[in-house]
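Chain lettering (A, B, C and D) follows the sequence in which the chains are written, and residue indices restart at 1 in each chain.
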Amino acid sequence: MQHCIEEILENCRRYTLDGEVASYIPELSKANREEIGIYVATEDGDFFAGDWEKPFTIQSIAKTIFLMLAAKDNGIDFVKAHVGVEATGKSFNAIDYAEPLLLREHINPMVNIGAIAVCGMVKAVSNEERFQRLMTFSRRIMENDELQIDEEVYASEKKTGNKNRALAYLLKNSDMIYGSVEELLDVYFAMCSLKVNCRDLARMALVLAHHGKNVHTGEQVIPEEDAVFMNAVLTTSGMYDGSGEFATTVGIPAKSGVGGGIMADCPGRMGIGIYSPALDKKGNSVAGIRMLEVLSKSQKLSIF
Amino acid sequence: MQHCIEEILENCRRYTLDGEVASYIPELSKANREEIGIYVATEDGDFFAGDWEKPFTIQSIAKTIFLMLAAKDNGIDFVKAHVGVEATGKSFNAIDYAEPLLLREHINPMVNIGAIAVCGMVKAVSNEERFQRLMTFSRRIMENDELQIDEEVYASEKKTGNKNRALAYLLKNSDMIYGSVEELLDVYFAMCSLKVNCRDLARMALVLAHHGKNVHTGEQVIPEEDAVFMNAVLTTSGMYDGSGEFATTVGIPAKSGVGGGIMADCPGRMGIGIYSPALDKKGNSVAGIRMLEVLSKSQKLSIF
Amino acid sequence: MQHCIEEILENCRRYTLDGEVASYIPELSKANREEIGIYVATEDGDFFAGDWEKPFTIQSIAKTIFLMLAAKDNGIDFVKAHVGVEATGKSFNAIDYAEPLLLREHINPMVNIGAIAVCGMVKAVSNEERFQRLMTFSRRIMENDELQIDEEVYASEKKTGNKNRALAYLLKNSDMIYGSVEELLDVYFAMCSLKVNCRDLARMALVLAHHGKNVHTGEQVIPEEDAVFMNAVLTTSGMYDGSGEFATTVGIPAKSGVGGGIMADCPGRMGIGIYSPALDKKGNSVAGIRMLEVLSKSQKLSIF
Amino acid sequence: MQHCIEEILENCRRYTLDGEVASYIPELSKANREEIGIYVATEDGDFFAGDWEKPFTIQSIAKTIFLMLAAKDNGIDFVKAHVGVEATGKSFNAIDYAEPLLLREHINPMVNIGAIAVCGMVKAVSNEERFQRLMTFSRRIMENDELQIDEEVYASEKKTGNKNRALAYLLKNSDMIYGSVEELLDVYFAMCSLKVNCRDLARMALVLAHHGKNVHTGEQVIPEEDAVFMNAVLTTSGMYDGSGEFATTVGIPAKSGVGGGIMADCPGRMGIGIYSPALDKKGNSVAGIRMLEVLSKSQKLSIF
């Protein structure tokens, strides 16, 4: 397996040249597009190759954290009563939402507007507490007490996040955010700026792969049904508007972020963390998808 | 003429029952739907009937003020380089704007998103100065030094204006607003809360009817070409997404507001101010449109 | 006036280089983009310059013929009960119509889908009779008994008109077309292939300018109120999604066609026919609009 | 298992009252909304309950037949080069397709417009041969040589299918259909009118569940990779715009039709055929989804 991982990484390294580093936040454009890393966590041991230790910001993969904690806090039914789970066919930062109201069915938790709403469902008496709970949960599910926010990226997100601000005020206008919009956005921007590496993502994925259970400690981190729910949502909408294509070529639940990360989990088998910041036009890591495709085919990982 | 005006008002009074008072801002819902007034200003004298002295908030008719002052400050070409003049087929507070960018062609100065952008084009070193200049201009074009903001409506707009906030952050995201979004929105909300009556609107309309000239004082308030430009814009998009229908049944440049007001001008002939707060589904005064239709037909006012 | 017309044409000739001849029908792409002609018809005499005698196909200007005859046959209210008169903000051959039904308010008679519906409202027991009545009406309003269909263009339209076919079947699906879709499309395609020159358009425009009356013969070709209605519709939506801009720069009712023609009328004053087949991206004649802009400014033709 | 199936059917019978029989085709509205049947096919034996023998028309489930045969004929890559596999967030008969062209990414093979395009990719020198090949393939994959078209439903589809006609002409306009549109639609309408019962669907599903292999005969009906591809597509978009919700509550690849059928397959385990014609607003069988949800939970069938 270790050899297999290394070979896949080397064979896919050239695809880093086919994408572009995200530029919509100035800080993200500083990433090195040639970096590439992979980490595979299994119950029996871990395998890794390349730049798996390099830190990067989690970006949209934080949407899975919002959804897991909001579902744990409120139950899946409550969450689904407010945001739907249909793929929308829209890009992650779409603004063309239908009037006269923001329909529940149009707000997917894996696109920005839905993720902001779900972030606000994490139980807390203040947004400061909400942030602390999200950090504690992140450290626990990734088994890494050292996790920190990247302050430069956070400042950059906060400064340039006017489209997210627009989306949040639309939610506010539809009574889908309680309390301060700006404070909730601070939590959202901060969590998207969480600094992680491939191992962090692989460990979170391993928990999902084992239906909520940390196989190292035996702890049930999230309820089994929540993990099944997460895997379904990730499969239908985890890779932005490239989710359908990804299902046909890779066939495992996964979530990508514009920082270049992908978290992917094979139910019952393994958790995978990927890093390669050169993105395709949909915002997914080009080399990352290629590595997962080859790995899926060679190890017969597809759930289909 | 005076008799004609009175008769029209009485005949159209019953249409006040066909509409609903605006409710999207709590303060507006306090209006008395049975009120109805009209004021006709001509070079040779004024005519009026009904509740023409009752004050109401100007609301979207302020969009004409933003556009006149922004055009005067920057020239029509500058304004048109940033906001288009095509009817969009969208309701006044639409949010479904096309990505990947806010296209100039989709932003009409007579719908909210365009009006906020145009408001920001009024020259000033601060938003406080911007507001003062707009107030001074309003008092001058309406020949009324007593004009004031309705503080209750302003507070209500500011508190509940989250959709306008969303639109403004979209503009900010496209670099179409400079400086503070919240401060600019304060100017926008305040000007929409300007308290006017039918005479105020009729006098502003008379200036447009005489191509920018105040026929009482001889002063050229806005350039002639700006007045022609305004009349064209009002004709194609002054009555929200009811502008086409209004052109076929009434046929004069006009702008409505959800406070129940309509300002209408007949080039070369007269300025008209209307008040009747019962609105149709597009946000236009039901009885107001009926009065204008009958007046247009009886006086042959249509420009077509 | 004759001298003025000639000078305007020469000064605007260079704009023929700024556009492209229509290519969506193979036959249209054979036009000579350097051709340019103008014809001004007034009660007191006619003026003309350039290629005013060159024949071209009427294309979308036929939409005015459909609307005039359908309104004459059924009354304006009947027509407006089925198709709206709001500018849609869409291009002439848009297909993205809202579900669950084709809303009357979204179907403007000056865009393809609305024009096909209106064509079907022309009273006839067969589509053959419908076509003959439209031809007779065209010859009468243009005072030209020689008018013929361009058979090559007609064949080309029929062969490649699959988008119009799609629009027609949408109408059929909403019960807005009775009888054979293909037969009605034949009428539509044939009438769009009507061969006219600048004088033909100018004479039709002169009838509209005199509110339905042929000033040469004294005949009331269409009712006065229909002519006023037409002028309103042309002003708000006659120049495709460039109508708002045209209103601000030229300010007269007009209809363009992708064959390079523009019919424009100045109420009470004159009818204008334009030909110059180099089009802008919206499908309007570039040099044609420029000639009208200069003419409007020099002769103070704007209705605003 | 047999007992389990019977119990599930009885417990879910009441949900037949929560839906409505399809009415958009007159013939479909004749269905008895109280009928309900289920058939489970496994390698080791079959189980069934209720009205599993009742025939009904396959409707949209035919889309899987088009896609399987087109992929077999041309390869998956060819098919995906013309139609995408992203969920569109649109209802099955949506018409609001984006201009200026029909983007591959907007055309999913599980919605009407994509299915018509894919139907046309089935190799044949004539549409008559195309139809015969589709029938032969259907009989083979369902192991039923008796399969026939329901002539009444076919006639009804053909007569009222103007929206599908519109979609087909849009495809034609984008060069995505070769040859006669009407003939291809005949094939499409006929195949949607294929008369099947629960066993037929279960057997087709069993082939997909065993990755293309008929476990009774040992024959590889479609290539293994095609079956994996089909399961991915069905998971992300097989249940119209209810696919995301279905993935979270049931979690198995499935395709529904407005005739009341659902074909569902559990990779490696079983094929399921469902019939219950009372539909929810998205066009899916209400009681059918409920039966699958209970079955999935009790037998732990979810792939997530």
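Following the convention adopted for this analysis, a residue touches a chain if its C-beta (ideal position, glycine included) is under 8 Å from a C-beta of that chain, and two chains touch if they have at least 3 such contacts.
Predicted model, so just to flag it, every value in this text is computed and none were measured.
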#### Entry: Common touching chains of chain D and chain A
none
### Chain whose mean Cα position lies farthest from chain B
D
### Whole-Å gap between the CA centroids of chain B and chain C
32
### Query
Any idea how many Å lie between the Cα centroids of chain B and chain D?
54
### Separation of mean Cα positions, chain D and chain C [Å, integer]
46
### Task
Quick one: which residues in chain A touch 2 or more of the other chains?
none
### Query
What graph shape do the protein chains here make by touch: line, ring, star, complete or other?
ring
### Task
Can you check the complex and tell me which residues of chain B touch chain C?
76, 80, 84-90, 105-106, 108, 228-229, 231-233, 235-237, 241-245, 247-248, 251, 253, 267, 302-304
### Query
If you look only at chain A, which of its residues touch chain B in the complex?
91, 94-99, 162-163, 165-170, 172-173, 181
